[in-house]
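Two complexes come next, and they have one chain in common, subunit A, joined by subunit B in the first and subunit C in the second.
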Partner chain A sequence: MYSKEIRELLEKKGVEVGNKVKVTKNEETYEGILMPRIEMGDPNSLIIKLENGYNIGLEFDDMVKIKKLGEGPKLGIVPELRVKREKKLPDVSMIATGGTIGTHVDYKTGGVYMCRSPEQILSTAPEIGTIIDLKNTFRPFTLASEDLTYNEWKKMARLIANELNSGCHGVIVTHGTDILHYSAAAMSFMLRNLTKPVAFVGAQRSPDRGSFDGSMNLICASHFTGYSDVGEVCLVMHGSSNDDHCLVHRGTRVRKFHTSRRDAFQSVNEKPLMKVWKNGKMEKVGVKYEKFDDRKVEVDDKWEPKVALIKAAPNSDPSIINWYIDKKYKGLVLEGFGLGHVPTSTLKKEDSWLPMIKKAIEEGISVVMTSQTIFGRVHPYVYRNLRMVSELGTIYAEDMLTEVTLVKLSWVLGHTKEKEKVKEMMLTSYAHEITPRTPLDSTVKTIE
Partner chain B sequence: MNYKEIGLRVGLEIHHSLDTDEKLFCSCPTLLKTKETPDFVLERRQIPVVGETGEIDVAAIEEMKKRRKIIYEVYEDCDCLVDTDEEPPHEINQEALEIALTIAELLNCKVVDEIQIMRKTIVDGSLPSGFQRTMLIGTDGWIETDKGKVEIEAISLEEDSGRLINRTKNSATFRLDRLGIPEVEVGTGRGIISPEHAKEVAKKIGNIIRSTGKAKIRQGSVRQDVNVSIKDGDRVEAKLVPSLSLIPVVIEKEIKRQQKLIGEGKKVSRDVRRVSPDGSTEFLRPLPGASRMYPETDVIPIRTKELLDNVRENLPETFSEKIKKYQKIGLSKNLAKQLVNSDYVEWFDKLVNEIDVNPTLIANIFANTLSYLESEGLDASELTSEDFRELFDLISSGEVMKESIDDVLRLKLKDNKLSIKECVDKLGIETISEDELRKIVREVISANPNAPKGKIIGFVMAKVRGKADPKDVIRIVNEELDS
Partner chain C sequence: MYSKEIRELLEKKGVEVGNKVKVTKNEETYEGILMPRIEMGDPNSLIIKLENGYNIGLEFDDMVKIKKLGEGPKLGIVPELRVKREKKLPDVSMIATGGTIGTHVDYKTGGVYMCRSPEQILSTAPEIGTIIDLKNTFRPFTLASEDLTYNEWKKMARLIANELNSGCHGVIVTHGTDILHYSAAAMSFMLRNLTKPVAFVGAQRSPDRGSFDGSMNLICASHFTGYSDVGEVCLVMHGSSNDDHCLVHRGTRVRKFHTSRRDAFQSVNEKPLMKVWKNGKMEKVGVKYEKFDDRKVEVDDKWEPKVALIKAAPNSDPSIINWYIDKKYKGLVLEGFGLGHVPTSTLKKEDSWLPMIKKAIEEGISVVMTSQTIFGRVHPYVYRNLRMVSELGTIYAEDMLTEVTLVKLSWVLGHTKEKEKVKEMMLTSYAHEITPRTPLDSTVKTIE
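And then the complex of A and B:
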């Protein structure tokens, strides 16, 4: 937004953003369109779009004179794909929740707008209309993914279930990528008896550019939700830096591994379910999955919000756990080192985490251990230090991802607070989040 | 031809790569292809970004399905995630920014208060992002020429695009080494009054850019587009005129082409035209409308005031300062003057410090030999700084004598495929050893037993011209005659 001085002058002169203007400062004259001030840069500089397309910033002072020459172009138009229903194609519904995939840049201003409708998102991949019959589109809320809470997850679960129970073959959810995998995990637990494909899709590049990656992700997700025989919550995103295929990852086994690459998402401790190409070709990679069936899905969204994640670190102060005890937390996920270590046999007594873990468990808090190595399985017995932690009653989360463990603990504690029952549920695989056996070729993907 | 009468308007757009350490928006070096095969090959497709009206029709869907495959050749040592559109741009390269501001100052431009970095939509696939980052640095400048002031409409700084390597019906291949290297674009306004004048202006702008000492000097680092229109005709852009000397030819031919069309009652269409080596042009594509540009929100706008103060204090040497400097290293005043007025003053500065050759000899080649060769109709601008480096290395090692420099360069310009060394070999002008020279001297003396010394020297020189140093010839003749 422009500075107060500029806004006052504009008002006085009857000039509005978007108008064609002539600005003079000393001997310099610029003609062009007065643009809105983007968030960055000096709010005391006028931004003028010159006829050659360039924007320039003109520092405002007493010498600046501005005159309206006429109305300018209409700003802030977002294109929309008016979808024609094609009855022969499989029914798929789409839920737009926000994120990069759901933004639009107004080319005139450069302003980034959240798309107001799924139709606007579809305008970046109109081929979808020839792949599936888009039955319903929803926009329950529009949030960057990092701003989502479990309340939105509950809404999401009910919407998805409604669509699947009213005859859809599958559902596509567009979503910001930052916590895409948390949301996919939440849906994996909340949607019980799921037998249809639910695809979470995001984008790492914005839709204003020719290289928008969300376009192929949406196309592949359409093939997946419309035609696959999978009955699970999955994530459909680029399989490499190339625009040729997507990988379908299980919602409880996937994680964002890169801040910006297209192929940021990778499966952990198991291979993805399948590869999907833009032309609809689908190839199973080898993991067994729940098969498609036309059964009724049920929503089980019981939830305990007072669950937190604590990451162990060298020199960390375990008394942070006290804070959670005071705040009446019900569950803690500890992301330990290696096989599931936290400092226990320290030289200084107060550096050990054992007394704090013991206290938390005595206060009735469920404590679950995962590992910051990401890949692999935690183990409660290999080392003495591990045994000391597990003997206190810490639940070792097998080969579950930390993110999934956090989501699952909230969901489990929504059902029971009883110590043994919590442990039993945490170690039961509800959505393939735990596997008893890990194949040799499911480790860190080497860059091809 | 009376150019004023026919309403000739000529505009130049001069693109020049900058010789910075790093690319414009990442820390990759500004190298070109360093090995035969790329380290990675990426396959991408680009979506047509939707029209501003918000309409998409069925035809567009069909068109999108046929999207062309774009292949990128990626080199590990000069491309990173930024180049491959896998990471947002880093902070703008300050060195490039300062060079661009320096050029803006030298071109007397009004520098904008706050530079806004823009994304210019590019649909040919030459940039993996689908847009080119570009920014307007200054407007409304001017340069003084022999035929009066010429306006400089604008100077901008932008990232270079990938190099087109191959194009088929279904795919296009681009090499990404050049992508992201900073380049300035200078556009002229009114003031160019004739085709020859356009050449002078292009040369002058090139000289000013190179006077920063930070312009890339290698083949393809300068690209010139020429816009031509005449009364009753229309604006036509001749893309990528390969040399300065071709600029007037292209303009003359375009004037004739437009006059012919007008004479036949036909309309001149606003086209972009490809330039052939003889200066004629052929249709390439219609002239695009105003490019679609919108702000690059990943890089913050730049206030210029503080930067500009610094740039103004450190402007490059003026020509008279340069002349004084050259006199100090042994050039005559006249030669120093000729040198600063030549196209090669920056190359001279670079090479004189790097190689062990008499500065006067280097200056003579740049100031005199090349213009002499140009007067023979050859285009000396085809010679690269690498060619000169090779030549001077051969001179410094004694493999080429100064007497044969003209011949070597002449052959090189006639057959640019040859390297300098190959030219030297072809001309058979390797130097001869002292033993061989002595043998020749003895043969000449015994064939002309009564000839005076001067004659003997003359006969020997005729046989060994360009292959032996005249000083050596005189010394050995003396020795042989005295013995």
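And then the complex of A and C:
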């Protein structure tokens, strides 16, 4: 709610949130829609959505004058994108799954609803109609990303494959940002023989905010899916906190690093594949990727749901593993420290994870080690403590992200439970999720 | 082991690893100690430790000549630092706890032992004797950092306090890097009324490697503990992958971000306090900190060990919380997604974490939410799903790191189990672990 002072002026002038207004402060005049107070924003700043789509905040004081010009857009009805196709553009289909990018704010109540159809989402970026031809749009479900499970991933994979196999150049998936990277990883494994671009797109700010990032992400994703020569699952999200370019991150090499920044996503252990600008310019950085080809993609959505993640911590009780054994789990990802450590002291046997890891493996559970450092590569041999964990049969996940390892382990265990085969598949790079180990000698050839 | 070609030449010339040698290749000549092959390094590169302490790698070929100059240093005996004190320097004490910085490599076997005394550790950086006077040295235990628990933290806190209260200007703690940040956070809470610098120092590379980072970290930590005006627990570690400067990170604002890089530590949601160079130059960056004062520090090591960390993931089963309830846990840190989400769908009740969080709180467990994004701040109100979690009584940990939150919750629950008091203490900043919320209006005052 706006401050008492603002509310009094609005009442006096008969202006309501949502009206078209003219606001004057000092010498400057602004025309636009009076927006509700921005969440957590200054209650004493008037927010006006200008015709060009930008929001502006005006600090309120005695000098501010406001006048109602009209009722404003009809509330509760979200505009839809309707584009007259003038020439044939690349066909791209879009799947809307929910999340902030698909929210709709009711200016009257300030409430946020997760209800937008793909056409409504696209209305925030009408120029998309001049970049691609939207072949088909889907809304298979509408969920905040944190509520997605592998059941949604299976639906998603089949929809994407259907579209790509019926002639689309690419597919855009709009999605909440919280587990955007988990979903992109899942699609990277489920879509086999993929040779077309699939772009996951989200928004960190809601469409009622001037800082809404979804429009540019969608525009860049349209360029990417319509025109790039990439044949992989990628994330297309802001590359800086400015509205100037997006980064295309490989779906298996990226995670969310900030709760609220628009450039929250960052590639790990690898550069992003390219930068994309709103005008369609794409700048590659030299990372090798699968090339575009018009081939049939296949869905391989075999999945073992009994897979869990355990993040180790000092003082953590390893007997938590018993719970997973009792529940008949098939796979455990241990997010350890540094090169892949968990407490293993032979001096302090009561705290050691070794007996519990041994027991899990004897019960047929696949145990995979990653690192909470996020960056870098786990290694099973550098220290004695690592060797002890490794010798029990723990699979060290090279330089894979924990999130990707978790998704991959479910997918691998959907195919086989055979110990050696699980290890072989976990250490095979199916979607560029592992960088081959590079010899360290390049760092010792010169005097350091 | 070196390549067959190298071993043949060494045998022919009667040279053993550890000997003093002269090596010639093309026009260049090097004298030093023949080192064992670097772990994972090129087996066909000869490694020579030069007199200046640097290691050099020489690619082996027909042009390489080697000559034994002498037996080399007596093996198995690690040199100790013995410094003649010429003038009175600031008193600093040192506590060696184990970890890579304290390892000793036997050149004969290549084995790595965790056995160095503080004096042996200091021998890798003899110039420390010209910077500070080492008042006392301790080796209370020798453990890889992943094996430390709160029992060691209590010992550490008492030792540090004793030294500071008997006139030291500061204390250096050498420590494994894996949980260096957890330990620094624990000391930040346990040492109350701290007004002197405490520097945690580790090494990412072992002392047998040319890239050993422990020497510079120790030198910079000596400057910092001997001369800075900081009265806080800090980490002093490489600031880049060059041997040029260290960063001083606040103990509650830092985590390890890389498995192997020397600049693996990075401050989160705050800048480091300062840069320190080997020559003693300290560059502050404007972050406010507690100032040095000669006051008595108090140990407050009350601790509740029944505190655990759960990292949420898509498809994760919330009934894991039952295990912690059964085990009489008192505190749970949930590392959620984004702004502090866990699966909460009302459409998919079977996957929702809400009933289990409710049950835990009803059982008297304090539940605290952090984010796996690491950067940014959790927020209990932005979305309906967040409000539902918050309204159950979940404490949203502001912009605290998960690792710090975990340590702090154990410390807080050591003081009180009373629900409102726990919340109040968790949201109080005791060691600058929370940044006060800043209004977002600064970002909406201009057209975005």
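Heads up, the rule we're going with is that the second predicted complex is superposed on the first by the 352 of 448 C-alpha atoms of A that agree within 3 Å, B and C clash if a C-alpha of one lies under 4 Å from a C-alpha of the other, contacts with A are read in each partner's own complex, and residues count from 1 in each chain.
Here is the rule we use: contacts are C-beta pairs under 8 Å (C-beta built on N, C-alpha and C of every residue); 3 or more make two chains touch, one makes a residue touch a chain.
Remember, predicted model here, so these are calculated numbers, not experimental data.
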| item | value |
| --- | --- |
| In the superposition, subunit B vs subunit C on subunit A residues touched | C |
| Which superposed partner A:Gly129 touches (first subunit B, second subunit C, both, neither) | first |
| First (subunit B), second (subunit C), both or neither touched by A:Gly338 | second |
| Contacts of A:Ser211 with subunit B and subunit C, given as first, second, both or neither | both |
| Partner chain(s) touched by A:Lys155 [first = subunit B, second = subunit C, both, neither] | neither |
| Which superposed partner A:His415 touches (first subunit B, second subunit C, both, neither) | neither |
| Partner chain in contact with A:Tyr182 - subunit B first, subunit C second, else both or neither | second |
| First, second, both or neither for A:Gly376, with subunit B first and subunit C second | second |
| Touching partner for A:Trp323 - first (subunit B), second (subunit C), both, neither | second |
| Contacts of A:Lys359 with subunit B and subunit C, given as first, second, both or neither | neither |
| Those residues of subunit A which subunit B touches in one complex and subunit C touches in the other | 38-42, 45, 47, 50, 54-57, 59, 112, 210-211, 243, 259-261 |
| Touch list for subunit C against partner subunit A, complex | 38-42, 45, 47, 50, 54-57, 59, 112, 143-150, 177-179, 182-183, 210-211, 243, 256-261, 264, 305, 307-311, 313-317, 320, 323, 327, 335-345, 347-348, 351, 371-379, 382-385, 403, 406, 410, 439-441, 443-448 |
| Interfacial residue positions of subunit B with respect to subunit A in the complex | 42-56, 60-61, 64-65, 81, 84-88, 110, 112-116, 118-123, 125, 128-131, 134-136, 139-140, 154, 156, 290-295, 297, 300-301, 303, 305 |
| Subunit B-facing residues of subunit A, complex | 28, 30, 38-42, 45, 47, 50-59, 77-81, 105-110, 112, 123-127, 129-130, 205, 208-212, 215-216, 241-244, 259-262 |
